[in-house]
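Lettered A, B, C and D in written order, each chain numbered from 1.
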């Protein structure tokens, strides 16, 4: 599908927020402490709000009359443009998995991913708030406030768990090893002149902040990976299909339904 | 005994009791039991609805449901805090829930099977909960009364959202969606009526609680009030309730309704409902899986504290 | 939906085979030993074959022109009539779960369930092979040979694991506690005169055989449960929706597709 | 040295070597490496396809896929058994797989993303595997050759089933389904060509293996043969392959085709493909999760044995 570069740029970001929110919402009711249940739901809600604004705008730019729900629920897997990082299950180590949330929940993996994505979103929204596109700039400015809180909250947890007990450090290390190769995709998308920056522009800052966070957490960085995740081009992991089967179920099963 | 008489006099005068005030042991225990049960109900109640967040049919409904379940967690937090003012800790209360010693509302031992259940839970279950809880906003124990004011305000909002979502399906939806709503009403109607507890004649704690101003209205009175308020709403919605004996009684200016299946009620209360075991297992799993996180947070806090001491 | 009693009788059995097969197939590639991977797939295949024959026949009796696939993939959850026992995830202890198979796999639970269902199917098919309905009798006779093997194979494992190590006995005991209340539904369906027996007719034999197996496995029976699972009337557990979202996904997402 | 000469003479005469026969150490090692890699490939290959069993679109396709994946497990079994005749145990081979020391076919480090991938894996991946394996039915080591005869027969069946399922979608399916098939072909074409291994000039083990009759045809020869056999099938199917340089060469009576992305090939072989880590993690998890089962089976067998001894 030949897609306008702006629409594609938006979808990469919108879908990343959407799918990240979807995975986070699987925690609802299952977190280690009640306060964290509320915090994770809150982050999921913010990301969902960002996804809605971005999808709605992407639909307008696309000009095919698709609203946020048609984009969120009625595309084929290959048309979702999120980074693979956010579609990975909340716990690692199963090839086939679950869209419903029971596939295990690893708070170490979740926390690390939250921090990685929040730092990245903060850097991206900082730049996008001065986008030449006023609508996108507006969404970014509003979202920036939210992701700053996410970054702070999840970074605090990364430090707590990295520099907590031996057991927690071991879990964080294992989770970091799983996620590390997928971080490569945070810097993979091309920019659109006057609209949004190439993600590669974020890389130096992101890596510096991540290194600082890891140092504070007493976690060593894994060696660099050459893996090239292809989510932003619609080539996902095998987890995505399960996630979508769950997420899309009602829209697919009740065509023409009004909810 | 003088203190007890003074306490009773304050209650009779409609005074509110604060945490620092003296209170009889039995009053304290009754409140801890009731408030912690209520808190547990909010927490367990997150499960059947939380189970649908990943499948919500539109992004708007997903956001509404996520926010609602989050609110329930928030209610749990205030209520645990209110119970803590009575000298019990959240950890103690949690342990009682996880071991099966403490109860929570039996309604959450029924499964949420379709999306329409989410709307019906909002309409009927939250509706019944509010009916139970509004009188508690005038409960003689002030911290509980204050928590309940906030809880009731948010629950009313949830109830309206639930009803509105059903109305959307019933007025704009497909025939399949309408059937889905009716089916959900059929499954939730009787369990909702059971939420008011046993019939007054079988309710051992009610009398003392009413005298102390912990409880203000009887189970059967509340149940009747709920039926009377709900049936007109069902009519607007275009659904029926699964009760062949339901009939408007001109004399009482109230609905007569059929007999509750008390065998089912006691079976579910007794642990043999469709989801009792799973709810408790899910809570235990979340707690057990989270142990390392809580341990690490504690260890880290100690490290920070000792660094500050050293500085 | 008013349903012919014979169709309903068939669907209860057909859906039980179908959903049991679906859960077993989640093991494919993940079993504790390769031989067992093959054995579980084999049982899943046999059950799938039984489900297909029974669904096809149910569709004919129903007379609404539905074939096995329309019945298997295009009903709403409330119209599936399987017992809840078989829809439970392969590992216990999560309220929301997974249709894709990553929700954990507990070989203890799987083995116990396989044995319980196989003993029951053997008893049921023994009776159904003399059904007054020739088609059903034929399906039962063919299926009986298969489930005898399943019963033997899974009973052997139940004994091995019950009377294996302390750890394996503990796992079996925990799994038995989870499954036990759901066994009640094995005896819940009404019979149809000249077609198939009330399932209650199987109860005494089943309980006797189960008690023998438990004794051989050194496993104690839990105390009786009053739980009344409602799967045969279409009132399922919260797991069923996730299972169906996965199972139905392609049929729902590609209406009119030919596969 | 006399034994070595005699062995070489038997090979040259086209004799088959049996397990009990003397063989050079290097011959044994080469075979163990190759057969166990092949066995591991079958086992790891169960994962991408197994992942689709729960989502197969019809019951017939579900049965076919389940049987196919089961066959792959069966192939793993015969092949491990063939390797065991060379004096290595299945546990040793499994340990080598799980630690990442042993290799398996890199093709399984690509994800199976849509249902069409299942058909395409059957058509192209099994097709390439057969092309690789048919010569092994004449391998000088008889137990391996016998295993391969059975494997090849079953794989051919799988390949036809895969092709048939694609043909169904392409001839009777919707436009969406056809696009799904083309997309799957686009993603699997080049990885399938990579299945024949590095170009002959970069393939260190080939020469010795060919001399010993373990390998009978070179990588590039097989790759060419595969392309020549497959393109006409693609035409019948109505799909194109994603290679602008593909062209029939009248002189060679064969297809010219574009240059393989060897950087990708080596990246995936080196562990950085899309699924390398997940495949190994899934195998390790299955093995670790199954430890208690294997322990219990062993303990039970011991108990039974000691009871028999006592009797």
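Rule of thumb we're sticking to: a residue touches a chain if its C-beta (ideal position, glycine included) is under 8 Å from a C-beta of that chain, and two chains touch if they have at least 3 such contacts.
Going by UniProt, the chains are A, C = Phenylacetate-CoA oxygenase subunit PaaC.
Everything numeric here is computed off the predicted structure, so don't read it as measured data.
With contact taken as defined at the outset, subunit B and subunit C are each touched by A. Taking each chain's centre as the average of its CA atoms, subunit C and subunit D sit 34 Å apart. Centroids built from CA atoms put subunit D at 57 Å from subunit B. Between subunit A and subunit D, the centres computed from C-alpha atoms are 35 Å apart. Counting partners per residue, subunit A has 26, 29-30, 76, 94-96, 99-101, 241, 245-246, 249 as the residues that reach two or more other chains.
Contact with two or more other chains is made by residues 47, 50-51, 54-55, 176, 282, 285 of subunit D. Chain pairs that touch, as defined above: A-B, A-C, A-D, B-C, C-D. Within the complex, the subunit A residues that touch subunit C are 26, 29-30, 76, 89, 94-104, 241-242, 244-246, 248-249, 252-253, 255. The residues of subunit C lying in touch with subunit D in their complex are 22, 25-26, 28-38, 41-42, 44-45, 48-49, 51-52, 55, 68-69, 72-73, 99-101, 105, 107, 159-161, 163-165, 167-168, 171, 246-247, 249-251, 254, 256-259. Per the touch definition, subunit C reaches subunit B in the complex via residues 76-78, 92-96, 178, 181, 225-230, 235-238, 240-241, 245. Subunit D makes touch with subunit C in their complex at residues 43, 46-47, 50-51, 53-63, 66-67, 69-70, 73-74, 76-77, 80, 115, 165, 168-169, 172-174, 176-177, 282, 285-287, 289-297, 299-301, 303.
Residue ranges of subunit D in contact with subunit A, taken from their complex: 47-48, 50-51, 54-55, 111-114, 176, 180, 183, 187, 267, 270, 272-275, 277-279, 281-282, 284-285.
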